[in-house]
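Heads up, the next two complexes both have subunit A, just with different partners, subunit B and then subunit C.
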Partner chain A sequence: MTEQTVERRAIWYLLGFLAVVLAFVLSMALKGFTQQGFYVTLGAFLTLSILSFLYKDNIFYKMAEHLFVGVSAAYWMVMGFWSVMVPNLIGKIHPPAVKPFMPAIASQPASYWYLIPAVLGIMLLWRLMPKGAWIARWALAFIVGTTAGLNFIRYMASDLLGQINSSMVPLVVIQNGSLDIMTTISNLVLFLGVFCGLIYFFFSKEHKGVFGVGSKIGIWILMVTFGAGFGYTVMARISLLVGRFRFLFDDWLGLLK
Partner chain B sequence: MRRQIPLLITLIVGAVLIIAAFIPRAPFGRLGENFSLYFDIIAVFAFLLGGGNLVRIHGARLVRGVGMAVTEAKKGGGAWPLRFVIEFPFLAFGGLKDRRGRDWFFSLITLLGFFAMLAAGLLKLGNPSGWQGNVTAPEGMFQDFYDSMFNPLQATMYALLAFFVASASYRAFRAKSAEATILLVTAFIILLGRTPAGAYVTAWMPESLSFLTVPNLANWVMAIPNLAGQRAIIIGIALGVIAMSLRVIIGIERTYLGSDEK
Partner chain C sequence: MTNGVNKTFLEKMQAIDRRVIFLFIGLAVALPLLFHVVFTEKITPIVGAIYDRVENLPEGSKVLISFDYSPSTVPEIQPMVDAVLRHCAARKVKIYIMGLWATGQNIADETISRVLKPEFPAYQYGEDYVNLGYKSGNQGLINVILTDLKKMYTTDVHGTAIDSIPMMAPIRNLRNFDLILSFGGGFPGMKEWVLFAGDPGRIPVAGGVTAVSAPQLYPYYPSQLLGLMGGIKGAAEYESEVIRHYSRFENSSHPGIDMMGPQAVAHIVIILFIVVGNVAYFLTRRREAEND
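Right, the complex of A and B next:
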């Protein structure tokens, strides 16, 4: 780029920047320069910035994206601090320390066992240090061990045994002395669907012959599930989009009154 | 020591939690409960670690970028601060020649959002009930930031997917095979059945064939074949998770420990 081109681009950038600031101020003026007006304008600006990605990747989208990263990191930190750290850690190790924030738990007896997660937590933060990052492994090992132990039981009880148990349905349903055709068909589809779906996931035997037929039906059942999931996802996203447009046209511009 | 102790911790913690489920008596039952609470606390430290890492990376990028931008402004000679202010949008949005310093302004945005949200939440700024109030109380600055920044950004990010889903559905909905046709038909029934149009197009059907109306068909698809497929997937996932958990607890799976370099 020549010096002249750089200067020309710099001027265009400055004008664009000023135009955005002016639009923001104008929008706030329409809301009467109130605090609420500022927040609504900010929300609208960020909504439009994200939607601008539909044109192409641009600086407004990048700004909104980076802001989202910072804001969401801080949001989860704050939520974790006030909902776990203060009542379950500081409040357990030294209860009087939380009196200004949570007086209800300030009088409970101290439990020094909670020094264990405090020490492990500090060890985890050691990863930020230039040396000795391996110290964080102790805390990581605790997290991984807890996750493995809890998941082993949870998945065994609810997802494996629970789902198998729920799939054991009567394949011939008699209601008031006669065959209930609809429930019988539904139960057959349910039982065979689960069975054939599992056959499809069984890779230790070649999918040929009767086994292959079961596997094929399994694929069809899985396709129905994916189709239903797809349909629901489309509806959920469209409904979110409608919500954003409602915000823009109603809360911000006030056109839907 | 660097690998053995973490493996031992994983084994003890995992085994205690499994035993606690089968022998819910002292000391296992209590240990199981305590370990779950400890897990929550350490998970919050993991959030702090994430925040710290974010500040470290973006802080370094910001310092490097601002340094380069100032150097660039000084090249023009004369009153460089004035030049910096005038050329600010250009220097901030990709005007720097060196790629390493280009995105410094976006890092600044990340850090500003991070510290603003953090200060509003940790100090409970503007909270009507002061220090003792709930951090998410309405009218508090933290909740205002949530409503004006976090919520619009998150909702619009997900809403943006509606457009990409539309483009993906064009490709997916070309019935090239039996499987693709089943997917297409199911999605169509679900989409139509959950809208007033679904009831409208099959309203002419007689009472005896009411089970064939689109809303009823959609309900049946959701309750029976969809459920069957979901159960097959859930059972498959559960088997995988159980096997993986066992591998982790008995120390066969060690990838989470990383390498021995540091």
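Right, the complex of A and C next:
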């Protein structure tokens, strides 16, 4: 990169920075230099910074992204401390210690069982120490073991058995003595979808003849499912864009009725 | 010569700069918003099931609403929450608010200040609604409160002892609720409520999720999931049903309905781009086959 190019780029950055500062002050002035006005202007500036990535990567996008990551991490940490550590750990082991913050639970009797999770928590943090990082594995093993056990039972009951149960539907539905056509068609589609989907994932037999037809229907049903999923994803992303535009047009610029 | 020009045009259609597409999508969203393009919404059975359940709850029923989302999905989820909260308050049910996400706690506070307090001034904190706040533990938390809620919730979000809150007196565990409504779109969320509360406790679970998450939850409906609002479409349907039955909410904000206009126009633009891209692709392929 030549010296002239560097100089030109520096001038552009400076002009861009001045334009942003000017726009920020102008926006604040329009909002009457209020605290709310400052928050809305800052929100608009960060929104536009993130949207600027659609053109190409730039310093404003990077700044907004880093700010988001940092604020999120700090937020979760603070929330975790005040909503879990203070009332559910310190408040349980030594209730008088939380009296200045949560007087309501300071008079409750101490429960020393909570020393066990406290020790496990300290063990988990031990991996940050220069020596004895292996100690963290015991706490981690406890977490993995209990989570796996808990999930195994519930997923087996609800996702496997529950879903099998939900798939066992009558193929011909008679209601009040007459054929319920819509429910019958719905149940037939459900049955066909599950059956052909399972055929597609059955690899012990070559997909030929009638079995091959079932497999083909299975892949079509999977494609329709993926298509529906993608359609929903598009809707979700557009919703977020509409949400940001509503913020810019309404809260910031006041253009919407 | 003509063939050459056409070929270039077809090639261009297949390689449209992504920024051009972004610009079209931006306009497709901005213009309907500015000109207030809205469509009528008709409720579907899967959303109607939630509306009917709330509508048929007797006065004083206990409804748990879990805020399991963050600001990143507020545009999609918040319209659902606002509409359901208005409906619940109009039915005079007891509202218990909690969150499996740390971010849900502040969003719940903001929602209470914006919807419940100004629109339902008679609703009293501790008597008609309570905010239990956020607790970590994900599905483990649900598993514990299924049998003993006070083991995890010793205070509400303001630090008030649970035992001193009047509406908490009849609550021992999740089985004491008439309905659980979860709003979110990630982990932990509605799936965990179905698996760890609804199924083992035989408690009706419903709610709303982001459109991205909706396809994963449809298989639970109707046997394991009472109803589901999928994305902004679900929110718009619920809002329109609430307005249809409760005319006093006509002047309340209904962002779900407002957002469906830009949504529909943006979808049309996307479909057009897909059609143009595909037509250009097949014409190019045919030309190449003819030239060979």
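The definition used in the following text is that the second predicted complex is superposed on the first by the 228 of 257 C-alpha atoms of A that agree within 3 Å, B and C clash if a C-alpha of one lies under 4 Å from a C-alpha of the other, contacts with A are read in each partner's own complex, and residues count from 1 in each chain.
Following the convention adopted for this analysis, a residue touches a chain if its C-beta (ideal position, glycine included) is under 8 Å from a C-beta of that chain, and two chains touch if they have at least 3 such contacts.
Only a predicted model underlies this, so the values are computations on that prediction, with no experimental measurement involved.
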{"item": "Touched partner set for A:225, first subunit B, second subunit C, both or neither", "value": "both"}
{"item": "Subunit B versus subunit C as contact partner of A:17, first or second or both or neither", "value": "first"}
{"item": "Touching partner for A:160 - first (subunit B), second (subunit C), both, neither", "value": "first"}
{"item": "Contacts of A:87 with subunit B and subunit C, given as first, second, both or neither", "value": "second"}
{"item": "Touched partner set for A:141, first subunit B, second subunit C, both or neither", "value": "first"}
{"item": "More subunit A residues in contact - subunit B or subunit C", "value": "B"}
{"item": "Which of subunit B and subunit C A:235 touches, first, second, both or neither", "value": "both"}
{"item": "First (subunit B), second (subunit C), both or neither touched by A:217", "value": "neither"}
{"item": "First (subunit B), second (subunit C), both or neither touched by A:128", "value": "first"}
{"item": "Touched partner set for A:64, first subunit B, second subunit C, both or neither", "value": "first"}
{"item": "On subunit A, the residue positions that both subunit B and subunit C contact, one per complex", "value": "54, 75-76, 79-80, 84, 88, 101-103, 146-147, 150-151, 155, 159, 163, 166, 225, 228, 232-235, 238, 240-241, 243-244"}
{"item": "Subunit C-facing residues of subunit A, complex", "value": "54-55, 75-76, 79-80, 83-84, 87-88, 91, 101-105, 108, 146-147, 150-151, 154-155, 157-159, 162-163, 165-166, 225, 228-229, 232-236, 238-246, 249, 255-257"}
{"item": "Partner subunit A, residues of subunit C touching it in the complex", "value": "19, 22, 25-26, 29-30, 33-34, 36, 72-76, 102-103, 105, 133-136, 139-140, 143, 152, 154-155, 159-161, 164, 194-196, 199-200, 210-212, 214-215, 219-220, 223-224, 230-233, 255, 258-259, 262-263, 266-267, 270"}
{"item": "Of subunit A, residues touching subunit B in the complex", "value": "6, 9-10, 13-14, 16-17, 35, 39-40, 42-44, 46-47, 50-51, 53-54, 59, 62-64, 66-82, 84-85, 88-89, 100-103, 113-114, 116-118, 120-122, 124-125, 127-128, 131-134, 137-153, 155-156, 159-160, 163-164, 166-167, 182, 186, 189-194, 196-198, 200-201, 218-228, 230-235, 237-238, 240-241, 243-244, 247"}
